[in-house]
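Note that subunit A is present in both complexes that follow, paired respectively with subunit B and with subunit C.
Our next item is the complex of A and B:
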């Protein structure tokens, strides 16, 4: 590229968020605000039992309510769609329960009415008779339980590595990823030290402040779906598959998303609104309440058994990991979580002998799927707590122990993929430098004890995936980018516009990004797993380069020197005699990937890039209440080159604070499968006054040579180290080690009492 | 969610409000600050036919400080107490406790009368009233009467307020110079309802002995009450660390806390111990 035409570098510029003003003044468009004439509102009747056969559903009282249009059950759906089961990994989830219910809260029937309150009232009049079946809730029990959530496994065609599970009966295991490298047992037999622990994480929910909302609008021979989704292209694909229609008859569009965090990936309520709208022949809107979100999708609870062999000089020679993922009643994208994250279970360490068994397990609980970090926070919680325990037991400084074992450039990850552009050690160095790790530390007095801890985690990008982009340059030199990357609050539109402007040599403010609309925006796999800056970033770069080639040709043809948007405008005017015309640039990108071997789990190219995030924590524990005050939180990530440093900074702190809530207070509490706290009064998300006293973020000065302009994804990296860094700091402060999340004041206080030999007896 | 359909009335006098309340035969709810009532309606946990808004009744928002004590009109808001300069000396315990009441947005609307009528056992204000010997003035079709705060609550979210009665004011007895006080509470998040909290005050004689101790508990109880054994433990004694510990033990032994989603009974009992000990140290 000709450097002299670029007036200002667009990469590395903290361009203000393009939607900022519209959002803070309340003018940004959200799906919830769409008003369509003749719309019907749907409200669900949900299962109150965890597992059972449906004997009968009595909808007569609901149908009799004035204002009710109709009541729809699973059998009605089946009249429209013979096989009404959806899901990205398994076709296991019915649009409405058919024959069986598999968790408390599963949708069983929907009332349609012109007034949502009428629909809700009528839904409350529906009753159902069930033949109750025994249920299984715990992931470890479910792995071998005679109680089976599904009679037969039905893998979707999307993922080749699930094919071997087709038709399998008598199991709850929906995916069993294995890694076998070297001989761990021989190492355990001969090692100087062996450590073994079991860790647990709890079910939590994404709680986007815009709950799920979708509106289906039947047309003459097509259907438009207005939906708050992170994956418009996939919604189109899956709806087309369910209906047996060509993709071009299904139009999916989004507006701004009020948060996603992984909750709105793949399909959620879209099949339901589509089926209802086609049955009713009217537009149908479903807008879930905050409480209902708990029954749609959450984050896997896990049990992680981890065992390490350590040499006399403090090197990890072998590690064995057994991870049980509680997937709930429907697989959603859970099997991908247990595999794509599962293969990183040994952590960011150089370990010659490694064994991983990572299993996605069906239970009679609400489904679990993608959640900011895609399973990585659960894994880092365990392996970085374990790592700290080992360091302390061997009397090695926890930072030093990590540095002794950390993966370095060129080292082989246990999967067999060599590390490239992965600044693990530098992340540790920067955290410890900021914390003054080698300086004396005030340990507090009396009932206020202080401690500090660090932790670091690694994530692989989901692969292989594809992104397409289209850049439309207008005759005045301004441009519109058509891309399906969804800006759900992370600032992607601003960053993508910067990439276009960088290539065209214009300013970012002269580039606008459309909202996704599958009739016009080209295919993208989806906005998830921090993949967009890398994959869509490349596609956008290529599309902009394609546009620039044509613009340069236009300038050459018209005798104008290519400089900026003004010269582009001049060239258009000269060519067409007026301000007219367009230049279209197209680009697409598919990441390189080599599938893991089924038997060994190994691959030479398991991911297009590695994400790295670490956290350092200084905290104070109140020993009489168990309350933790985070005095200082230091988050350092390797995000490659920061396209928009301000956006990167807010991504790091947003991710870290979200994980802080998951660490200290958030928990979906079940009693025999029934969620006891589906409300923000009882499900505790930290508020502004619960934030750390001080928080600092750093994106290393790094470059991802394979990434667009040296960049890579950063949406999740801030989550990785938070939970174990907090637990490690608690241990440092009061000598209490906790193995289960969340680290509530009561759990910590109970730990304190137990440690002094006076356990609380209820 | 939106509120259920209901009628709304804005009476200009107490007489008018009482008449509306009597006519409604239990189908009406009084609206003061609305910080508990409005969410209850929005979740449709209550569906009254009529809301009687007390906003236009004159005189209910006054704070009066006299030799007899502090008289708060029922519509006095938390923020009025928090920002009142005279109350800092007239009733420092009351002012200090306000910082713990929910969040500032709620303190801008929530009222002292509304909180008493709602009677949440984890709320600060009912506990303060019980601890400080408050007298609650109510008015109904039969005229007005005075109720001691200690006899006002009948359990979680319930009171001895008769149908068609309206709380009009709360009077806290005069605060003697030199009175010692403490307020401590613990909640899971800042601004949440307390898992356990302690309000206390006592006077001292010339020898520094504790006179007339008042210790009240919130959160770790079904309705706020005095901790008599804890009071007994320090009454007539000069406080020291040993006595504070004995008092905290007595207090945590005599509470009967609930177990719920927010915390176990055993944990709340431990919190009562810590809060009581800290409140005494604070005093």
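Our next item is the complex of A and C:
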């Protein structure tokens, strides 16, 4: 490619969001807005018990309601799909409960009616009889409990490393990832210092503001699914598999997504909507309420036991990690979380002797899966709290202790993969510089105590995965990009357009990006885990390069010098005698990856790139109430080269504030498996009043040599350090260490009372 | 069922509604004004915010039968002459777009309606007034930083 024809650099340019005007005028399309003639609305009847065999379901009263079209149960679904179980890792989740229910809130039956109010009313008249079974809720208990959520493990064929679990009975452990490096026990026996702690995180929910919504439209010999999904290609595959149809009879399309954050990956309500539409032979729409979202998917609660050996000069020589992931009743993508994030449990440190056991565990709670960070925030919470406790105990400055142990370029991560383009130390340096870490700090007085803390985390990219892209250049030099990367607010359409324009030498504003429609947009694994800028970015770059080669040939053939869109337009006109024709460029990319060894968990190439994020916090604790005010939040990430710096900045703030909610207030509270607070009234996400007094972000000037134009993903990095940085700052302020999230005023106040020897009764 | 006559974005309309029908449902379903979004349906998120007789309300907390004779303005009515180039946006809309005060955009129409209401009361709001005025509108994506910037920029644009 001839770089000199590029007039303006498109990479690194803060191009305004392409859909800005559509979104501020209320004209942007969301699946929520679609209306189809003859549509039936579905409303669910859900299980009120946590575990039991279904004895009978009485739908007669519901059927008798005027305006009800039909009532569908699991057995009806089975008449259409003999094996109606879905899931990316395990085929364990029934479209509607079959024989058994496994959590409170599990869908048991659906009423269809033209009026959604009628459907909802009728669903309230359904009753079910169960033979109740004992249930298990806690992840550590469930690991060894005689109560089993599933009789038998049913791994899907997608992941080779789950094959060995097929047919396994008598366990709740859906996946147990192990890492064995060196000899941790010998180190613990001989080390100058040994530290051991246990940390907990709570169940939380993504609460995208556009709740799950999908419509299925049966055609003569195919079906169209309109759905708010982060993974259209996977929805197509899974629906085709369930129905036994070829992929080309299933069309999946999306619009703008009203948020996703990992909630809308793989399939969620799509199998149900498709089955209902095929049974009813009419279009069916299901739009869940905010309340219902809590029963679909959430973020794993965890228990993390961590133990470190530290030398006399403050170096971590060994670390042992035992992580229990509360996966809920259905695996969803949980086993991938416990493995792909599990292998980073030792943190961003150089540790010669390491042992990890990271287990995905079934319980009788709503399923847990991907959630911005893919398990990393839970891990960083534990290892960065632990790291801070060690530094303070050894009287080493927490920043200095981290710098002494941090992974540097070329160092081997405990998995055996060498670190490349991972600016850990620079992230620490920039946070501390911005905070003035070496300057005196106002510690407050009386009942208002101030403290500060830092934390840093690392994430690997999910691998191996594949992206395809197609660039269609029209005869006037404008281009349309067909790609399945879903813009759910992260600004990917704008950034991807910039990549196309950079290669073609045109302006980003002359490139449009289609919404996903699997009839025309090529395969992509999905929009998750910050993989798109790297993987789809490469595919888009290659597709644009392919188009450019052909455009250059066209220009050569017509005797026109290739410069920009005007010269492209001239060449087309000359060749075809008018403004006519297209040029298609195609590209695809699969990341390099070497599977982890089953016994040691090691691999020379465990991830195509590393994501790094750190946070510094200054806060004030009111010791009379336990209330915390975040005075300053500094977020620094290594995002490689920022394709669109302003979009990157919004990703950092959004991620950090989301994690702040998970740290200070958000918690799904269960009572014997029953969720007590499924609404924004009682599940508190951050509002404007909860913002830090000051917030600043920095994306390092860095380059990912393996990435497209030096870029890598950044959607999650802002979350990593937030929770432990806050806990570390609380400890710094008042000398109280908290081991469980969320850090509510009550938890802090209890900590204060316990520290002065007057613990409050529960 | 009852008949309700009201004015929506300057045009008189008459709709037949059930007693339980919400204003938000009338706007979205009967009138096709889908720019008013439903996030929570329980009066927390503010995605459904509109103006009722010039005052900011959450349309999911208003019954359609309550608005007889009243005047509603939705996001679609804020810059009626909006064209494809984005010209002629309301200053608040323009500021939201320019300041990256949105990501998924689902909260955006409601947020913008709340901001226009806020700026009527406080043409040059300080941080506290902004936070107080918008605390009923949640956003799950942006972390609010750029929303506050957009409010200030809009206030300046409207002053000029």
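By our rule, the second predicted complex is superposed on the first by the 761 of 762 C-alpha atoms of A that agree within 3 Å, B and C clash if a C-alpha of one lies under 4 Å from a C-alpha of the other, contacts with A are read in each partner's own complex, and residues count from 1 in each chain.
Throughout what follows, contacts are C-beta pairs under 8 Å (C-beta built on N, C-alpha and C of every residue); 3 or more make two chains touch, one makes a residue touch a chain.
Keep in mind it's a predicted model, so treat the numbers as computed, not measured.
**Student:** Where does A:148 make contact in the superposed view: on subunit B (first), on subunit C (second), on both, or on neither?
**Tutor:** neither
**Student:** If you count the residues of subunit A that each partner touches, which comes out higher, subunit B or subunit C?
**Tutor:** Counting residues of subunit A touched by each partner, the higher count goes to C.
**Student:** Tell me the contact category for A:512 with respect to subunit B and subunit C: first, second, both or neither.
**Tutor:** A:512 contacts neither subunit B nor subunit C.
**Student:** Counting only touches as set out at the top, which of subunit B and subunit C does A:193 meet: first, second, both, neither?
**Tutor:** So A:193 meets neither subunit B nor subunit C here.
**Student:** Could you look at A:117 and tell me whether it touches subunit B, subunit C, both or neither (first, second, both, neither)?
**Tutor:** In the superposition, A:117 contacts both subunit B and subunit C.
**Student:** Does the superposition put A:32 against subunit B (first), subunit C (second), both, or neither?
**Tutor:** second
**Student:** In the overlaid three-chain picture, which partner chain does A:208 touch, first (subunit B) or second (subunit C), both, or neither?
**Tutor:** Once the two structures are laid over each other on A, A:208 reaches subunit C alone.
**Student:** Could you tell me if A:687 is touching subunit B, subunit C, both of them or neither one (first, second, both, neither)?
**Tutor:** Both partners, subunit B and subunit C.
**Student:** Answer with first, second, both or neither: which of subunit B and subunit C does A:289 touch in the superposed model?
**Tutor:** Once the two structures are laid over each other on A, A:289 reaches both partners.
**Student:** Please work out whether A:657 is in contact with subunit B alone, subunit C alone, both, or neither, and reply first, second, both or neither.
**Tutor:** Touch partner of A:657: subunit C, not subunit B.
**Student:** Output the subunit A positions appearing in both contact lists, the one against subunit B and the one against subunit C.
**Tutor:** 117, 289, 686-687, 689
**Student:** Which residues of subunit B touch subunit A once you look at their complex with the stated criterion?
**Tutor:** 1-2, 103, 186, 188-192, 259, 261-267, 270-271, 273-274, 277-278
**Student:** Quick check: in the complex, which residue numbers of subunit A touch subunit C?
**Tutor:** On the subunit A side, the touching residues are 16-17, 19-28, 30, 32-33, 117, 206-211, 256-261, 289-291, 488-491, 646-647, 649-650, 653-658, 679-681, 685-689, 691, 695.
**Student:** In their complex, what parts of subunit A are in touch with subunit B?
**Tutor:** Where subunit A meets subunit B, its residues are 117, 289, 447, 624-625, 627, 665, 669, 676-677, 682, 684, 686-687, 689-690, 744-746, 749-750, 753, 760-762.
**Student:** In the complex formed with subunit A, which residues of subunit C make contact?
**Tutor:** For this pair, the touching residues of subunit C are 18, 20, 28, 33-42, 44-45, 47, 74-76, 78-79, 82, 86, 89, 93-94, 96-98, 100, 102-109, 112, 130-131, 134-135, 137-148.
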